[in-house]
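Shown next, in structure tokens, is the structure this report addresses.
Each chain carries a letter (A, B, C and D) given by its place in the written order, and its residues are counted from 1.
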């Protein structure tokens, strides 16, 4: 067997699995989104437009807000960790990486429900009235908090990596001229780490857009809903593959833009 | 073991790394392949080792054509630039690896490893053997890498810039040791370097390469004193370069004219080494056998062994070394005619024997 | 020197051997009766912890593998997909032997010939008299199903927060308006209790219960829906995410009242997970209820054993002991055969909040399936 | 002895406060799980559980949870072994040799990162149904492998790429065959990276939710799906226990291996 053939033979089984169970389904998703009652039509998309345009905006809004919060917090926290250092805090921020999404969803729900543990604790101190407690779970805020909590770990890891790659000399130069910790973050670390930050953001944005288990568990029952939850309900309660796939196509479209960017940064480096 | 390559061609995509090289490496000798980075010298070495299949030509060891052989069947041993010592094995295991592959009995392995470590003068053999390569100094790692290559008694020893990662002092000392060791074991050795001083010091034969071709091959003295073209002259030694125009009987550099009887016509390059020229206060008297160029001395640096003067001649800055300081101001640079080399510009090939052409100036 | 890679290789090899040994054990084909239950965990827990051990004891050599397919109709949908795929693939023996499903998937199951017309073959067929044992959402299911139990949507309320519970929709609306956000239901997406509430609302608003539930299908009477749905949506209520969410929020005092399934509420009380003071009420003109059906797939691998299992569950003895006495649910077969085996205390509990006559008058059916589908979309669009 | 500068004390206090604050943020949702897992009874309006105990822990250990844990663990082990067997040779070739269509192959293993899984897996479920593999261990293993392969190919290629090729060339040069050099040089050096990658694959499969929910029902139940069902079923205690058990492998890994896991591997965990 020639080396070329050998390497193709080695590549074939894993490729087959990914093509069969990711790329074919992807194509069939595109195909089915145009099929309604057995014939080609745009009615699925019309239905998406009629019923779900608010949900699309909501999904984008929740994802963007979560992203801004995650990146903002990570930029500051990592600056602190890079310049001052705090082993305990650094370790703590890694914990959510290892907590599965479903667990985050459930944990947040138990914590943030109107009569969840947080409100119970706050009521003890007299801060809120349990007779009419504020609800964080089952609202957009609950989803945002859960997404931020889960993604913060990844963001801290990536941003801190980028910050650590910034040569100490640049910081010493800034310190030498009297820059405070905040100024060092704003003027040196952040601009120099910007490329990595953009890649990290692009990546996290798609994953937030596509988040399923967290909104499924902590999202409320009222519209608007996150897109993936809509997809799930369309299939499981209404057995409507056409509309579900049209919704899926909308989500691919958003992911595609981000993926293109991600791909470019990845392929710019020689592989 | 006599090593020859004939018409060797290697391409990376559209880049031609080896452009039909034909050259021999004398048996038992130390040959240095010298050239700037990207000239193809490492590609040639890796082709000899068998790491990269070539696109054309033959590689012959003695009477055996090894062109199609995989690396493990060639009987070469290589010392890598970063040593490529396996970090997960002890020094002993590193050196013993090749012997174990050859199913040498354990007792003999031990004896031969100790012997070769002794040969490369690593010192404290018993202590060093059990350590990991990462715990050794750069010089010691270099010796281990050499020992690992020598212990299998290769037909050909290949060394890829083996000293380039060491600091200047260690490099100087090891250079001498490598040469002595090579003379002692007498293995045909091919040594790649980009450092002309190192090539001249260490090798019996120097092959100068550029852009995938051999520019010049010969003894260190040949290469140094009789460069065959502008590239060779420029690459060896601190050289000054001036652009000029040659015509029958005269050579003009900017507004200055020098008498010239050589064969070059049109645009030409003038080359001379900083050590070959002298700078004197402005003096218009001509001297036979000396080319005189007028310029302005702009700066002077003290080098310890003497002074380096920076002189601007017709807009170009040249360096002239001397033992006595000369004050800034208008000066004359004097170059012995036989040390001033003139090449037609844009032609890598020498027009005639450059040594002769300068003499007729 | 090669210790690490040896360890690695050894670990991988050990894992492979373990797998080779364990695989057959995992997918071993004994006489296993696969019972798949749609619905919340309580539904398949009942199969797994109560019916299965008892049945295994009575039938030595049989192992009952009781699994759940997920909450709500999504669970029934999974079962349909599962058997349908085996039919499409031309498999001779299907791996679902008994399924517990909702009414909504029956037309598809029967039209696609996915389930057997098995019920007349079993001994308890004669004891089943309920109309929705023969008709599901206007679709003829006679012989294809045996109801495991009947359930009913009612209003559950916290008597500390609702001093005078409403007894009609009019009173309910008044209460909602004076207690904003304290009434909760789960829309139409999160489970059938919300659907039942919405349906009851439309029955009340349109007054056309007979037409919706008995047919024939006539799309023109849906014209009154948008206005009714808009009115429903304008009420200051809390939307919950599912049947269980409504119950939990009532339990935790987040809402004071909401539509729930009787069986689920009683189940939670029995388990000690529901505040015992929570009460229920069936208001006029009423809410729909529905049974859970036991079906046997057409080519079930263990068809005769499956029939035996259904017969076992629908036997008066088990219906009395488990469905009524243990769970406090309404039996699937005719009550007169069952209630004689039930203690007075259990009988009293069964009818404590919802007396039999209320059940007869206000226990309604879901609309015909075309109306049902239209209702889902209408709710989302208005 | 010089008296400490007053700022030092303030700074130390602030550091401590920062640590406590972050610990609260991180552990608040997790500690709620602990409280719920030990709660026997907790009705409104009581601010604290009325009755604590091990009742539910005992209950779940004999119930479905244990079965879900077992089958989920078993599936994760199969997925890990298969992924390693398929990926190690491929990753090595991709890192070292001019494999034909290399860019396209890498792209195939990259794109699934970027697209939402749920709608794709919905359609993959249909394909698995057609292949008669849905609701079987094999089907769940396959759907897990899609994600696992995608992560493994990239991390393992990076691992092999980080080993200088000259280390293997030195071995060939001394007479070792390619296979021998692979096992004596490349594999031992790649082992730490491969272990990290292996743990990643195991955790991915163990924690996988979307694919299992769609493909596994009704016969294959893993812990995340079980946890989801009990959570939406408002069996808060059972769900909390399942959630706690689900966290154990990941947290164990974090505590034990934190120092050894490089950030490029760590960052992969966040994507599960």
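Everything below uses one rule, namely that contacts are C-beta pairs under 8 Å (C-beta built on N, C-alpha and C of every residue); 3 or more make two chains touch, one makes a residue touch a chain.
Remember, it's a predicted structure, so these values are computed and weren't measured experimentally.
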(request) Name the chain whose C-alpha centroid is farthest from the C-alpha centroid of chain D. (result) B
(request) State the pair with the higher C-beta contact count; candidates are A-C and A-D. (result) A-D
(request) Work out per-chain C-alpha centres and flag the one nearest the whole-protein C-alpha centre. (result) D
(message) Centroid from C-alpha atoms only, then distance chain C to chain D, rounded to Å. What do you get?
(response) 35
(request) Round to the nearest whole Å and give the separation of the Cα centres of chain A and chain D. (result) 17
(request) Return the distance between the CA-based centres of chain A and chain B, expressed in whole Å. (result) 56
(request) Among the residues of chain B, pick out those that touch two or more other chains and give their numbers. (result) 88
(request) Indicate the residues of chain D shared as contacts by at least two other chains. (result) 44-45, 184, 188, 232, 236
(message) If a residue has to touch 2 or more other chains to count, which residues of chain A qualify?
(response) 115, 130
(message) Taking the touch rule as given, give the residues of chain B at its contact with chain D in the complex, in rising order.
(response) 49-51, 70-73, 76-78, 80-82, 84-88, 97-98, 101-102, 148-149, 152
(request) Please name which positions on chain C make contact with chain D in the complex. (result) 1-2, 4-5, 8, 12, 15-16, 18-19, 22, 26-27, 34, 36, 40-42, 45, 48-49, 65, 67-71, 75, 78-79, 81-82, 85-86, 88-89, 91, 95, 241-242, 244-245, 247-248, 251-254, 272-273, 275
(message) So in the complex, the part of chain A that touches chain C is made up of which residues?
(response) 50-51, 113-115, 130, 133, 135, 138, 219-223, 233, 236-239
(request) Show which residues of chain C lie in contact with chain A when the two form their complex. (result) 70, 72-74, 77, 186-187, 189-190, 239-242, 245, 249, 252-254, 376, 380-381
(request) Write out the stretch or stretches of chain D touching chain B in their complex. (result) 164, 166-167, 169-177, 180, 184-185, 188-189
